[in-house]
Structures are given as structure tokens and as C-alpha cells.
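For reference, chains read A, B, C and D in written order, and residue numbers begin at 1 within each chain.
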Amino acid sequence: MERLLSVSNSLGKLFIITSFGESHGQCVGVIVDGCPAGLSLKAADIQKDLDRRRANVGVASTSRREKDRVKILSGVAGGFTTGAPLCLLIMNEDVDSSAYEAMKSQFRPGQADFTARVKYGGFNDWRGGGRFSGRITATFVMAGAVARKLLDTIGIEVFAHTVEIGGIKAATLPYEEIRRKALKDPFSCADARASAKMAALMETIKRKGDSLGGIIEGIALNIPVGLGEPVFDALDAELAKAIIAIPAVKGVEFGAGFAATRMKGSENNDPFTVKGCKIITTTNNAGGILGGISSGMPVVVRVAIKPTASIALEQSTVDIEKMKKATLKVGGRHDVCIVPRAVPVVEAMMSVMLCDFAMRAGLIPRVLK
Amino acid sequence: MERLLSVSNSLGKLFIITSFGESHGQCVGVIVDGCPAGLSLKAADIQKDLDRRRANVGVASTSRREKDRVKILSGVAGGFTTGAPLCLLIMNEDVDSSAYEAMKSQFRPGQADFTARVKYGGFNDWRGGGRFSGRITATFVMAGAVARKLLDTIGIEVFAHTVEIGGIKAATLPYEEIRRKALKDPFSCADARASAKMAALMETIKRKGDSLGGIIEGIALNIPVGLGEPVFDALDAELAKAIIAIPAVKGVEFGAGFAATRMKGSENNDPFTVKGCKIITTTNNAGGILGGISSGMPVVVRVAIKPTASIALEQSTVDIEKMKKATLKVGGRHDVCIVPRAVPVVEAMMSVMLCDFAMRAGLIPRVLK
Amino acid sequence: MERLLSVSNSLGKLFIITSFGESHGQCVGVIVDGCPAGLSLKAADIQKDLDRRRANVGVASTSRREKDRVKILSGVAGGFTTGAPLCLLIMNEDVDSSAYEAMKSQFRPGQADFTARVKYGGFNDWRGGGRFSGRITATFVMAGAVARKLLDTIGIEVFAHTVEIGGIKAATLPYEEIRRKALKDPFSCADARASAKMAALMETIKRKGDSLGGIIEGIALNIPVGLGEPVFDALDAELAKAIIAIPAVKGVEFGAGFAATRMKGSENNDPFTVKGCKIITTTNNAGGILGGISSGMPVVVRVAIKPTASIALEQSTVDIEKMKKATLKVGGRHDVCIVPRAVPVVEAMMSVMLCDFAMRAGLIPRVLK
Amino acid sequence: MERLLSVSNSLGKLFIITSFGESHGQCVGVIVDGCPAGLSLKAADIQKDLDRRRANVGVASTSRREKDRVKILSGVAGGFTTGAPLCLLIMNEDVDSSAYEAMKSQFRPGQADFTARVKYGGFNDWRGGGRFSGRITATFVMAGAVARKLLDTIGIEVFAHTVEIGGIKAATLPYEEIRRKALKDPFSCADARASAKMAALMETIKRKGDSLGGIIEGIALNIPVGLGEPVFDALDAELAKAIIAIPAVKGVEFGAGFAATRMKGSENNDPFTVKGCKIITTTNNAGGILGGISSGMPVVVRVAIKPTASIALEQSTVDIEKMKKATLKVGGRHDVCIVPRAVPVVEAMMSVMLCDFAMRAGLIPRVLK
């Protein structure tokens, strides 16, 4: 069974990101290859999104305290990208692997401990989850920050927000309001009333040593008609792939998604109309994608995040050394609910993929002025 | 806006399929590159799956009557694959584009007419939907039939079934029963009672000139532990991409999927246990995938199919020549519900992707004996 | 040893060609994916180059007489490319495998019989060399003809000519003259005097049952500054890869090539100067490529073609069934010298690769008007 | 013209290297993705080859004095590779860009200054040649050292040596002798007499402020039959691509190479014979490759290295700010002849590519024991 190893840590065709590093190793980092020359890029541009990923406060958050300072090691000269690959690096600081020591031979349910051990023949860096830790998403966020700056140059805007935690649903609001309110909310939820309920629920669940999941909605505005490369590199297909690579994602749906399966064609079809000199649809059940190609309407994707696998409660598992059943209490520091922290990660993966498509379509010039 | 064209009709890394052809052109076909040498392969092996895609009877089905006879044009000598690329081809026979002529300048809601026209500057073959027709899935099914034969050699079994149409849900049944019953059911639904209700609903909806959607569940058994290449070529990420490339798919979820977001960690985590000399989980909320790697449990994916976009009812749209609103009645032949016909297509895409991963993992020898 | 099979029959990143078919199978063909929409394309556009590959007359040529009629099976509607993949197909006609029957267990020296047999476990289609026959280059030429039409739209011109056969060297001539004269010469040699000597030598060698090799020079004019993607997808690196994939090529060199190794830096460096509003070099020892990027000077590559492996003389080999030495006389029809027929193939591979780079650089619009 | 940027700094399919960093930036580095788990790997394993690249003494060598200490930042735990991507990094120390300041607007003949400036719109890091410096080859050597360790596990040996400098040819020697003697020679030349002449010539040329080129021969032993993926990923095609990506390479030839073009088929064909239980050829004009597939004979490639472009002599060029002719004396530190230092780089690129092919063929297990 040990022969099953093979890996793939790169994503994209013209805007290509390569993730590396481990949770409790020396660093996490990402190479961005294909970034056009002439983009103004400072560490601060990237730090901003990293801080959003890290900063979530209160009950939702792990207590790991790292500054996560990004360094730009290559690809920038005089404050502008050079066209050469960017190396974006965070050195790990606050690493304490002791809590994991006990779990080395006992697989945490819901985690990659078992599958990684088998696939990598036991050589994988299991400390803190290694490559399977949520910490790896910091590399996605760094790459996403670069992609976002490139999308900015052509007016594409990407944002995400929490629409559900532990079954508590946020009210539907206009994009305008979502964008504004979600950024300020501790759970990235635009509906303050729902957010308060989520906070209370999380507090309760935390005391019980349990965890929660939820749903994030990602939105991209000002998308031109024509992004996506059917049949196989369809826009929705590639977005789904990029988003599902985020740990804990168990499903994605576009536009009306699973709800569309219960509608009739006459209800689900979005009628076309003319607005100014543009052709639009009066509804957006398609989530901005028709035939794998962007329609110019907002791209809307909803992402299912499972409840955090690491819980304080005792769980049944197997001790692989003894090859028999065992009970396990997971130590270490973990989030009650990672949904809020995953919001900037969903934005990052959407940005990376949309940037790649915009480049494939020739929309982002290879040298910016 | 015309500069947005770019295309990608290949899928896979070691088992690579390249789809070509149009609905109302001369043919549809697929090149399969990377198929090991020494596989016994006859046209009949492929025809079988093609017939399942085509054969659906009764109200659900379009009336286009083509034999869809596959020809193997290359890559086979003396009844065995040679290691060279396979060219699998179906010549189109029953092509009548007249119903589409009227719609040339009027976009059918819910179809790719608008996005394709913009992306390809009006040069796309719009007859019968061209590359965006469901007919293209015949090329997926041909490639899938080859993949399935390869998966057979290592004991992996892939099957799919209809779990919901128009909101009518099939009862949950053991895999054993699903496999057996779904194959015989006209809607590929293993629950005969639900299937009867679906038939009645479809009849009603057909009379109204409307259409239905539904949900397909794909299952893969006997998957070894260790398939999948995190972080980006995760097993779920790649399966999602392959499945979403099927026209009309609007969402995918693995295992408990969106329902997992409403469970607590203690409910959703699958406890490990030992069975014989194997480590298994007692539940399968993860859908057989942990950390993007197969766990050895059945891989389970559910696929949302939107209601057929082409309906007989009058719809609002835009006439692009006049750049003003118009009403449209879609002619041509169309399915009330494509869910049953999409079942073998879901199987095909799962098979193609699992075969690619099995080859990346070195599980399928490059020469079969 | 049979586990070594793996294959790769695709080339390119945005302009992607996938070759299939066998020498004595049903067909040879190529899929071209990524061709922009709106290109006027007729079978005759492709036939022209195919005829040049086939048509070489006199002593140099095999006596296989096939019309090699190309059919465009997909990707074209109303005379223009649609943006969908092109399927270009030639059905094989004049297939006589009897001469090969005797050689099934005896490897022809200098051919792929031995390596293919081991790699594909004996399942490879050995008739006529199968995938390793020079006939496969017809698929390159078909794809090259499409690439050439695309390069035409941005003024890039590609041509090749014979500069040496059997040690007989053609005189150095201006590009203008080469282009004009090589096209009319039976050996694609622009120097009529050298061509006459080549003809005489070939006649002699043919009588002896032996064969000759030679050197082809490929030239691309009007190349913009900036094509090529260092460090690994350098323009020269990718051109070399594409050209070496042509059977019988044993070496490539750019500009002064191997001769540059005997020059001093002061001799080999091409001085820059200004001409009109352009920066050029006064010499072109670099062959139009600096740092893996086109300099705007003509791209010049020389290609070493080994003498035809199939000769009428008796040769020492091994009979694999008996696993002992044997002597072999190769039957079938073969070229004394394939150099002249390889000229359009070199052009084709250069065109395919330059077209891919031009598309990566955004120089060819995705929709042509 | 500024739209021409696009880049590609990755190489390989299953063993994938991604190079980054600049000559006078903060670092040079490489990500190695796809390295099997369980390989014992220490910095010293990599340092050894780096030192060979750096250490060349005497007249041939630049005076830049950096320790070039490699750090392994990820992918190794407890002394063994984990299956996660390796990040191998060298921080730059001895950086003095002052000599380049004057040349910013004047292109050095034979260098990428002009083409890079146009391609990257002037944003490229021109200090020390940036990404186009020979220093980048340190990233190739680091990746090559890992590949070499993997090839070791299956007995494949790769070495290179200097066969010609400034027209002085080394005598032909048995591989045994080459391997042993070249390693100890300051110019990596196995023929001591030729090496002495090269030394003298270099001394003379150095005094004149000029430079020399030469030819390197790369050899791989114990190659199994069957590596290579025709038609496009042929073994020679991919080796050529990888080697030509090395700065200053202007040509490659396999086996008899260009000399084969002057041989008759009866001379060039390598007769097969049986030796023990193996099929071999009695000569190796094919350089170990038939039909793009390894034959089991030594893989032999010769690589043309042009004379160092940076010379002390005055040269004609253009000042782009003034857009007129200028004369230039290149300052900075440069090699009279880079051939000796390029020897380990040729070995590295051969090792990387052969390792990738061995992995594609399933010869290197995904987890080493």
C-alpha cells in the first residue's frame, strides 16, 4: 500500500501557485509563477489578508499566536513585480508539537492522520497535521492576495461571507450590504442578528468540547462574459476544484445549486433581458455561469464546511501500533468552528482561479503600466 | 469581448481523454491517451455503456433516434490495446438542424447560447447546441467505458443511481440492492416506489411543457487507501471538477456533504475501528475521503442536476440582432428530465478520474497480461 | 520490464495537438485544441502541405502510393473554425503488411522495433512500424498547416530547406533566394548545383541498397521580440523538444550552434545596432534567441537527420523468439533518404511551437475577424 | 510589445522542479514536488554538487565568493523526505550590483538584457542578469542532487565531462576512466593532456579579455529499456529541452549526432546482439535511444556551450535611453569559460529528467524503505 504516494502542489495554467511547508516545520510558503511584471507589490498587501485569516477572535479561534509575517523573497524589485516567480514565505514561530506526540499512533477521527500515514508510508510530517493542517491555507491566502491585486486592475471584485453556522442561517441581503457588514463582523456574517446567535451557539458548543460547521458564500462581481474553458476547464469545474482543495470543504454548489433540482425548468431558467447596452438575466439561478462560461452576472458559489474534526470530547479510534481499538482525547489548540477563518481562504481560491482564467483570456496584460 | 476564447478539451494526467465533435456536426469522438497496452477491447465493450446513455425510454427521453455506433479507429490491434492513443468515434446520423435555425439570434434561457456566442465571437457551431449539447457526454461515456475496464482489473467498481427527481426522494438502500435494482429501473432509481412516482410526475410535467431536475449519487467500491494527490489534486477536488464538466450539473457534495454543516463534530467524525486486518470507519460521513485521500471506505458523491433548460413553454429572452426583448418557444427534441440519462455519464467521469489516480499511484500496470 | 509503458501524444500549452493512428492501422489523425475561432479553414489548406510531405519524387522516395486525403471531422462550421477542437483525419488506404510479417521477431537495426516491443510488452502494432513509422509525421504536418495559417495572420513566416545530404553541402544563400528556390527543388535544396550532386549520390547509394542522412535548416522570419518563457519553456528548449520528436532527428543547433563552441566571445557575440526604429544585431550567431527569448532576428535551427534505418543490405540482429543472433534483410518500401520529405515536417513542428508561443504571448487574438 | 510576458519556471510531470530567485536578489531556490517519501536527505547531499558547480578554480572561474549554503526549508522530517514538497534555498550573500549600474541602459551583446527588457517591459531585475544569470543554475543543481539520490536507488548513474574547449578536443576514453579522471580534473576533462592545453589557452584568452566555449558530454549508465514517452515526450526530446534551458547552450546531439548525417545507414545502424540474457547493440551511434525510448545502452548527449558572453573587450551595442549606438565594456566578475562549471549542471538536468521518466515508468516506488 505504500506505493500510493504521489503529490501535486501546484494549481493554475498561466497564473500558477505552488504551495509548500508544514504546520510544525520551519515555514509555510508559496511560489507564484506567471504574475505579470509591473504590479506594485509590498508585504503589507499580502499581510492584510493573512491577518484576516489569523485574526478571528473570541470563541471561534485557536489560541496559536503567531505573527505570520510574510516575506517576499523573490520576484519583486524596486517595489514592482519583475515577471519572475514570487516566493512568499512565513517562518513558523510558535510551534509546540508535544500535544501531538501522544497521538502519533492513534488516528484522529475526521483528520487525514490515517490516510496520510498509509499514503506516505509513515514518513509524513504528522506534527500538527503537517501538510494537512489548516495552516497550509495561509499559503493559499498569500497567493490569493496577489491574484486579488491583479483582478483589481480589471475591476473584478471577490468577497465571501458566512451564510450559515451550526444550522443558523443569515438573512439574504444585497451584495452591497454584505460586502460592507461582513468585513466588520467577527464571524464574517453580514446579518448581525444571526451573528449574535452564532456567537451564543459557539460558546455553548465550546463548553461541551464539541465543534460546528457551516456554509460560506463566495461572490465575484464585474466578471466579463466569456471566462471558462469548456468542456473540461469549465469555470465552475475549476472553481470547484480549487475550493474543494481547502481542508474541511465537503461540497460546493453554484447559483441555486441543490435547490435547483427541485425547481421546474420554467422556474430555474434565468430569462434574458437588455439593460443599457448589456444583455443580462433578470434572475441568477445559474450563479453567473452558463455552459461552463461566465455570463456576466455575479458568480455565486456556496461552500459546505464540515464541523472541526479536532474536538475535546473522547472519541473511538484505532491504535495502529497495537492494531486495536482505542479511545482518544485530542489535545492541542483548535477552533470550535473554522468557518469564519475559512472566509478569506475561499476568497483566495476564487481569486487565484479567476485570475488564471482572466490571464488565459488575455484580459490581464503581461506587463502592467 | 471576442478575445476571450480559449479552450481545454483534455482531462487527466496519465490517463488522458480529449473530447471533440459537435451535436450536429459530422461526429463526436474522444482520444484516450495513456491506456495501458494489453487490455482486451472491443467496440461492444464501449457500446454497452453508450446504449445505457441513449436507451432511456418513456417520457424522460428525447426522440432523437441514432444508433450511436462506436468505431475504434486506432490504438487496438488484434483485439488488444497497443499502448498507442485510442480514437473512439461516432458518426452523427440523425441530424436535423431546422428547429434551431429560428433560434439563431435568440438565446435559449438556461443554455450556453449567449455565453458561447460572446466567447467564440459568433463562430461557434450553434446547431443543436454544438459543443454544449448533452450529446457531447457520449464522448465521456466512451472514455469512461475504457476506464471502467481498467478499474475492473484492480477490482474497483463504480456505479451511480437516481436518488431524487423533482423533489421525489428514493429510499436509502444497501449498495448491493442499489446496484442490482437501479440497472433495471427506467430512471436508474433503485427504489421502485419512488420510481413510479417519478414516472407519474414526469408525465404531468411533460404535458405542461415544463421540465424537472434531480440528484444522482455516484458510488465507488473497493477503493484502496491512498488515492488522491493533495493539496491541489485532492481526490474530491478532481472528482468534483470532472463531474461538474457534465452539462447541467450545479453542485456536488461528498459523504454527508451540506448536511454535515449542521452536524456537530462529535456526530460527523467517523470513528475508526479494526475489521479483520483492515482499519475502517464505522460510519462514512466523509464519503470515503479524508484530507483529499481515499480512506478505503466507499467513495460517495451526490450530484445536483438542474431541470432541463429546453422547455416547450414560452420564455422571455433577447434577440441579439435587434438587441431587444423577445419571446421564444424552443423547438427541437428534448428530455423532460435528463437525470436518468446522466447516470452513466456520472459513472463515466468518476471512472475516468479514478483510473487516472490509480495510474498515478502505480496501481494499474502499464502493460496488462 | 513490461511495466515501463506510458505515453504522451500531446504537445503545446494553449495551441495543443494530439496525434493518433498507426502506419498500417485504419487511419492517422490529429486533434488540434485551442485553435482560435474565425479562421478560414478548408481541407485544401492542409492538403497542400501534406502533398509536399508525400510528393517527393525520384530516388529519394518510397513507392507507397496513397492520396492521403485529409478530412476535417470537427471544429469547422461554414468554412470557419468554431473554437472547438479540430479533428483532422486521413484514412489509410495502401496498406500491405506482408513484408513486415517476417520481421516480427527480428528487430530492424536503427528502428524502434526492439524498444517498442519491450516497452509495450509486445502489444504494440508493429506492422509498418506502427506509431514509430515516419507516416505519423503526416499528423504533425496537418497540425502544422493550421498553425501556419494562424502565424500568417501576424506575419510570421516559417520555411525549411535541405542544407546537406550525405556530406554534400548546399551553398549559403540569402533567405529570399532559399525560400523561392527550395520550394521548387526535388530535394528542397536551394542550391541547384548541390541538389544535382545529391541526386547523383542518392542514385548510387540506392543501387547499393544503402541509405543517406543530412541536415535541414529551419528559418522563421518576422518573429516579434519576446517569444519564449524562461527558464524552462525557453523558445529554443521547446523548439528543440518539438523537432526532436520527429523520427530520425539526432541533433539540433541554434544559430552558430556547435561551431560557436570554437569561436571566441568577441567573435560569437552579436553586436547590437539601431535600424530605423528597431534594435537589431549585425550578425545572428544567436539564431534569433537570447536567454531563451526571441530577439526579433530570424530564428534559425539546424536539424541532424540520420540515414534511413531501413536498408536493403543484410544486417546483423537478434531473433527474440529464439533469443539468438540472426541476419535480416528488410523488405517493404523505404526512402533512400528521408531528408527532403522531412523538410515540411520540420516546418510543421516549428510552426506548431511558434503558434503556441504566440498564443501564450497574447499575439493571436482568440477570435479572428 | 509589453504584452509578451509569460513565464514558466517548472519542469517535469511527476518529479516537478520549480526554480525561483535572482542573481542579486535575496535568494535563489527550488521547490521539488513529487519526491517520494522515505529518502534520506541532508543538506550535505545537496551541498556536494553545489560545491562542484561553484568550486572551479583557476583562470576559468569568476571571483564571486559565496559559500552557497543550501537550507532545506520543507519536505524533510527526521532526516527523511516526507512526500511533501521540498523547498531548497540559498540566501545570496556577496552581492555587488554596482558594476551593472552603468549597463542598465546598454545591452550586453550575447546576453538576455535586450530580450528581457522588452519582454518584461523594463521591470525585470537586471542586476547581475537577474533570472538570466548563470547563478540560476544553482537551483538546477540542488534539484538534480535530489534526483540523483533517487536514481541511485535504482542503479542509474549520471555523469558529464568536458570533451572540448576552444577547439581543443579530449581523447576518447572508456566510461570507467572518464568517470574517475574527470572528477579530479579542474576542467572536468578526463584527458589530462588536453586539460593542460585548455588551461594554457584559457590563460592566454583571459589576458586578451576574451572568452571561450566548448562541448560537454553527458552520459547515463544502467538505464533500463523503455524510458521515454513517444511521440512527443520522447526521451531525447525531453532531455534536449531540459538541457537547452541551461544558459549558453546552443545545441545538443545524441549518439553520433551531426556526424551521423554523413554516415550511410549501413554504418550508422547499431547491430543487435545477445550478451548473456540481454539484447544489446554492438555499437551505440543511437546514443542509447531508439524511437524516443531508451534501449538499455548508455544514453549519450553532447552539449554545445557558447563562449561566455561577458568579455572585458569593448563591444558595440545600443543605448536604449538614447536609442543610438554605443560602445560598452562589461565590468563585473565573469568566467573566461563556463564549460567546467556547466558540467554538474548538465548532470543535474539529465538527472532531473531521467528521474521524472523513471517515476512515470513506475520504476521508483512512491515510498522508499
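Details
The working rule: a residue touches a chain if its C-beta (ideal position, glycine included) is under 8 Å from a C-beta of that chain, and two chains touch if they have at least 3 such contacts.
Source: prediction; values computed, not measured.
Farthest chain from chain A, judged by C-alpha centroids: C.
Annotation: A-B is the more contact-rich of the chain pairs A-B and B-D, by number of C-beta pairs in contact. Remark: chain A and chain D have CA centroids separated by 39 Å (rounded to whole angstrom). Averaging Cα coordinates per chain places chain A and chain B 26 Å apart. Each chain gets one centre point, the mean of its Cα atoms, and the points for chain B and chain D are 46 Å apart.
Contact of a single residue of chain D with at least two other chains is seen at positions 3-10, 14, 19, 119, 131, 360-362, 365-366. Residues of chain B that touch chain D in their complex: 13-14, 360-362, 365-366. The touching residues of chain D, counted against chain A in their complex, run 2-10, 14, 16, 18-22, 25-29, 31, 33-34, 36-38, 73-75, 77, 80-87, 89, 119-121, 123-125, 127, 130-131, 365-367, 369.
Residue ranges of chain A in contact with chain B, taken from their complex: 1, 3-11, 19, 107, 109-112, 114-116, 118-119, 131-132, 136, 164, 166-167, 205, 210-215, 224-234, 236-238, 240-242, 244-245, 247, 249-258, 260-274, 277, 279, 281-282, 285-287, 290-295, 304-311, 313, 315-318, 320, 323-325, 360-363.
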